[in-house]
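What follows is chain A paired twice: with chain B in the first complex and chain C in the second.
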Partner chain A sequence: MKKMTMEKRYSLYGVLLLLPSLTALAFFMFKPLLDSIIMSFKEINFFSGEPEKFIGFDNFRWLFKSEWFVPDLIRTFFISIVVTVVQVILAIMIALLIDFEFKGQKFWRGILVVPWAIPVFVASLMWKWLYSGTMSPFSKFLVSIGLIEPGESILGGEHALFALIISLIWHGFPFIFLVIYSGLQQVPQTLIESAVIDGANSFQVSCKITIPYIRKIIATAVVLRFVFQFNQFPFIHLLTGGGPLNRTETLAIAAMKQGVSSFQYGRASAITTTMFLVLVIAFAIYYRIAGREDLD
Partner chain B sequence: MKKIIAFFMVMCLCFFTLFAAGETESKKDSVKVVTLWTCWLDKGDQALLEAFNASHTDVQVEWELIAFKDYATKIVAAAKTNQLPDVLRLQPKAPAQYGQAGFLLPVNSIIEDNNWTDAYPENFLKSNTIDGNLYGIPFYCLPHLLFYRADLMEENNITPPTNWEEFKSAAKALTKDGIIGYATTLNDPSVGHTVHQWMGSNNADTFGPGLELTIDSPETVEVVNFLNSLYQEGCMNKDVASAGNNEFRMLFQSGKAAMGISSSSLIGILVNDEEMRKNVGVLPIPKNDPNGKNYAAFHSYSISSQCKDLDAAKEFLTWINTPENQIIYFKEGTRFGDIPVRSDMTDLYKKIEKLQPYMNLLEPAIETSKAGWTPGMAYGVTEYPGLFDTQNIYQQMALKTILGEATAEESVAWAKNKMAEIMAE
Partner chain C sequence: MIVRNKALYYLRIIATITIVMIGFFPVFWLVNSSFKPFNLLTNGKVLVPISQMNFDGYKSALTNSSFWIYVKNSIIVGVISTFCTVLLSLAGAYSLARMKFKGRRFISSCILFIYMVPPVLLAIPIYLWMYKLGLLNTRAAVIFGHIAKSLPFAIWMMKGFFAGLPVDIEDAAKIDGCNLMQIIGKIILPLSGNGIVSVATYTIIGSWNDYIMSYMLITKSKYQTVPVGLSLMFDSAEFMDVTGVMATSIIASVPVIIFFFCLQKYLVKGVAAGSVKE
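For the complex of A and B:
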């Protein structure tokens, strides 16, 4: 009995210590989320002069009937999956390479993090210039391989989506690289040494020892990157704005167009609520397939 | 001891805070303050506002500069949270849009009480009017003009174009040696007028006399086909689907484009580049229809529906719109392309000494500003075009054909459907 009372006391103590953080979380995260979900069931049009009113699932019906919804949803998934997969593969490969001791290791480690240090606005302007048909030396190369015509920007044609994906991979790479590289530092040297003694080469050590050892870290990084990429807005908005002709439009961009450009906040909230539900379902499916042990 | 010092410091802090608050309160009681939001603050604006404050002891204006990209969002958010300022400086179409939404108060009385009706172009007042209520007083106008490289035209024996055929021919002839004949953008929603410019010149409009949608008229189809032909024949910049407003203007300013259509604000930039200025000419936008109109946007001042002192706000608006006061803006300003809207200010404006060296550029702007046009303006239906622009409908209409997704007829039909959807909401 005395032991249980002590445990309860410690639990209560822990809860009390967490209370300020939980309150802040609730105020800055859960309340806005709840507000957004509630707004998605209302008609809120600032220009109609009408007060907001509850309309049930009408915003969702409008959303699912919109001709752009399915293409945007597919495009959002496509961008998120491609960017995440490429970033993870690149990050694993480069982290393994960088993990070896060599001259200039620290320099290269620092260089790889630079894209993360560049503000989104500056990075998007940089890529816009790089893709410019008239101002970038890179455009000559693209003309030579037949991707664009002279003077054309790759962001203005049918390859705009792939150009966007490349710049998104570049921009988000440092985060996943750092996560995986940090994970590599946790791999016990004794394991690697034992494998080497047993005759394993570097490739075998990486595939059979190192990567399996950090698979939980990789799985977490994949989930985090996918969620971030799914909700990605500023970089896409600044680089392409969802154009040309909505060829790079994602659900986040569509939500902005409804909310900020058209002042239809109920509809914008319906889009963001749908995005939230899609992510919850996707994560639940992933959690079930991957197995609880990967994420514990 | 430390506790005593700490207590003393806290008491001093409280005392001074209360004292300062009290002092501010007593200041506010004696002077009426008019709060103003603007997303442009030129030297001319500051000079005008400071002159108002200097000439008034009972009313003072306090202004706040808001970033252009955030302006509309901030106004809407403030309207919903009861935090609108007393007066707003607004861009084209905004007075009617916000007036319709209940954010603004009618200002008809200012025009009527001062007998100013004849001083303003009828279309400009109509454009700010909904159901007989005028929601903004036009302040200055930005007519859109054809800017061209006079030196290149002379070298190639080309006469500056006045119609579409001449324009296309000139654009084709000038596209060489790394220079593009005509630069524009069809990507930037903040400049939907890159299509409006051509619609006006072909007498196409968004609405008809019965307020029916006429965006799918044969005239608009002609505009889309014309823009498409410029692109397909290689005399329009190839990055038209990705370049923003600043990028296409940079093409012209850097000498990489022979012609461009822009607002008269480009004159203000050319003024600072003597080399460029010598080689640039300005004309009205080439017409394809004899009844074609020249696109001209204008900025206005409006009174918000949450204005705290209506008399003070009206006094402010009356003062800054009186010709002998308003001329301060144009005399002190550095935005050389801003043209006064009032017809009784033209002579005053033309006499401003610092503008004399640039009159060759400003004269076409002055002439075209008076009969300026924006879509839907003629019929006073202006609460929608603002939304058509922010959703990029006009530019997408042209791009669909240029990028091969639809014929011109299909593109304008798409535009009509999109607009009908917005109006139905």
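For the complex of A and C:
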């Protein structure tokens, strides 16, 4: 060992150190991923206990031919894009607004973060009640503008998707806010001050200096949020279950339906593998266009 | 933003508080409703007159024995999976950030792609795997699932932290003859306190709030965690004990919210660090 140069020794250490955590990563992530991809090529009926059959691309053929696939795919994209765009824009605006010194700033910032801290189940339950026709403080107002019938829930009608998106935005907003806000803290005061001296007002400073300075962080936030929302399952499942009449169904929900209700693990895996591929392709395109700034 | 005069300053404070309160309103409504006697639940008004405040919901929540079992399970699972995730992400991120070896760039780029793996995708094979190992309905399985969910982001965050630490200190230590273990113990660990807290915060909140792993892996109430447990309680209590369910939900949320309040600084630092590229 002593004959190795220091560099080589550290390289070896690097591998040794990395090995347990890489093994763990492999175990925790790569293996299930691989298993899932393999399973998408098999027919697996967990309930009936039949042996797994290798059926090649049949699951995918079934998937792409299903009449719900394209609507679900579009809907998943739509939800992800809307939620991401609204959350990021709101986060930028509110972070800029709130980024100044006043008594209790930390406290109010903390309150802003509460929606994310609330467990998914509680949040979805809360919104269920808020959207219901009976318990919600808004129900009288909504009935009066003709959005719902008395006693009904918004979630049972044609505006369910809209309601879902609002709840999703509310729930996930704090995380994006934190990302953007922390980015704002890194903007050097000197830069801002020199702009002020040159005569810029607050609005110009924000638009022309602050926002461009944090554009990497904004891009990171967009990527993180889009991916997270695309794959999101619990909140949607608990709020609408994909209903009414599948009008709020996303690919993740469809996959779980196949898995949990029909025990068709092969088909479910085909859906999730497709989801993963869609994301990978989408971001390959994104990075090609936007430049490889965000990757290491 | 720069503030030029007092009027704008106060206006800004008012605007801030207003916006925050609007966002907070749903939670406020929930807390309020949990104190309502049952007959007032549907009156469509928000505030509860103090004289009519009713603690029945909380009484039934606190005496519900299955709820405390769920809490116990969530705590066990949360602490263990956080501990493991922090250790693993420390080791992995340090190697990726500092060591030079073949394949390092590849694995680095992979991290973001791993984040794109839907938890739904992970859930099914993990379920089958646990089934074959006979580990279904154990806390170990859920711990496993939680680590799988949190590890990629944890490594990403930790790596960002290490990228921000100046290499000079370590180089000086190397020249002085420290071996790797000493460097890690005496220099890296103390300096990465922030990173560790960030990763731990992120992981434990994710674990406490996780729904999908517990949903898939545990069917026996005895080992269930809080999120799925709450939904079980709700299903069985549906029309009778709404305030009870509300109260239980609020109690379940309190630890996380407190955690958040105290540790939001670290979360912010963690994500910022993760976004920094060399």
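Just so we're on the same page, the second predicted complex is superposed on the first by the 281 of 296 C-alpha atoms of A that agree within 3 Å, B and C clash if a C-alpha of one lies under 4 Å from a C-alpha of the other, contacts with A are read in each partner's own complex, and residues count from 1 in each chain.
Everything that follows uses one rule, which is that contacts are C-beta pairs under 8 Å (C-beta built on N, C-alpha and C of every residue); 3 or more make two chains touch, one makes a residue touch a chain.
Bear in mind the structure is a predicted one, so any value in this text is a computation, not a measurement.
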item: Touching partner for A:S262 - first (chain B), second (chain C), both, neither; value: first
item: Which partner, chain B or chain C, touches more chain A residues; value: C
item: Chain B versus chain C as contact partner of A:N45, first or second or both or neither; value: first
item: Which of chain B and chain C A:N231 touches, first, second, both or neither; value: second
item: First (chain B), second (chain C), both or neither touched by A:G157; value: first
item: Contacts of A:P244 with chain B and chain C, given as first, second, both or neither; value: first
item: Set intersection of chain A contacts, chain C complex versus chain B complex; value: 46, 134, 260
item: Residues of chain B touching chain A in the complex; value: 73, 76, 79-80, 97, 100-102, 180, 187, 189, 237-243, 247, 251, 256, 383, 387, 390-392, 396, 399-400, 403, 405, 422, 425
item: Residues of chain A that touch chain C when the two form their complex; value: 6-7, 10-11, 13-15, 17-18, 20-22, 24-25, 28-29, 31-33, 35-36, 39, 46, 94, 96-100, 102, 108-122, 125-127, 129-130, 134-137, 139-140, 170, 173, 178-179, 181-183, 185-186, 192, 196, 202, 205-206, 216-217, 220, 223-224, 227, 230-231, 233-234, 238, 252, 255-256, 259-260, 265, 268-269, 272-273, 275-276, 279-280, 283, 293-296
item: Complex contacts: residues of chain A adjacent to chain B; value: 45-49, 128, 131-134, 148-153, 155-157, 160, 240-241, 243-245, 257, 260-264
item: Chain A-facing residues of chain C, complex; value: 1-4, 9, 12-13, 15-17, 19-21, 23-24, 26-27, 29-30, 33, 41-42, 44-46, 84, 87-89, 91-92, 94-96, 98-101, 105, 107-109, 111-126, 128-129, 144, 147-148, 151-152, 155, 174, 180, 205, 208-209, 211-212, 215-216, 226-228, 230-231, 234, 242, 245, 249-250, 252-253, 256-257, 259-261, 264, 267-269, 271-272, 274-275, 277
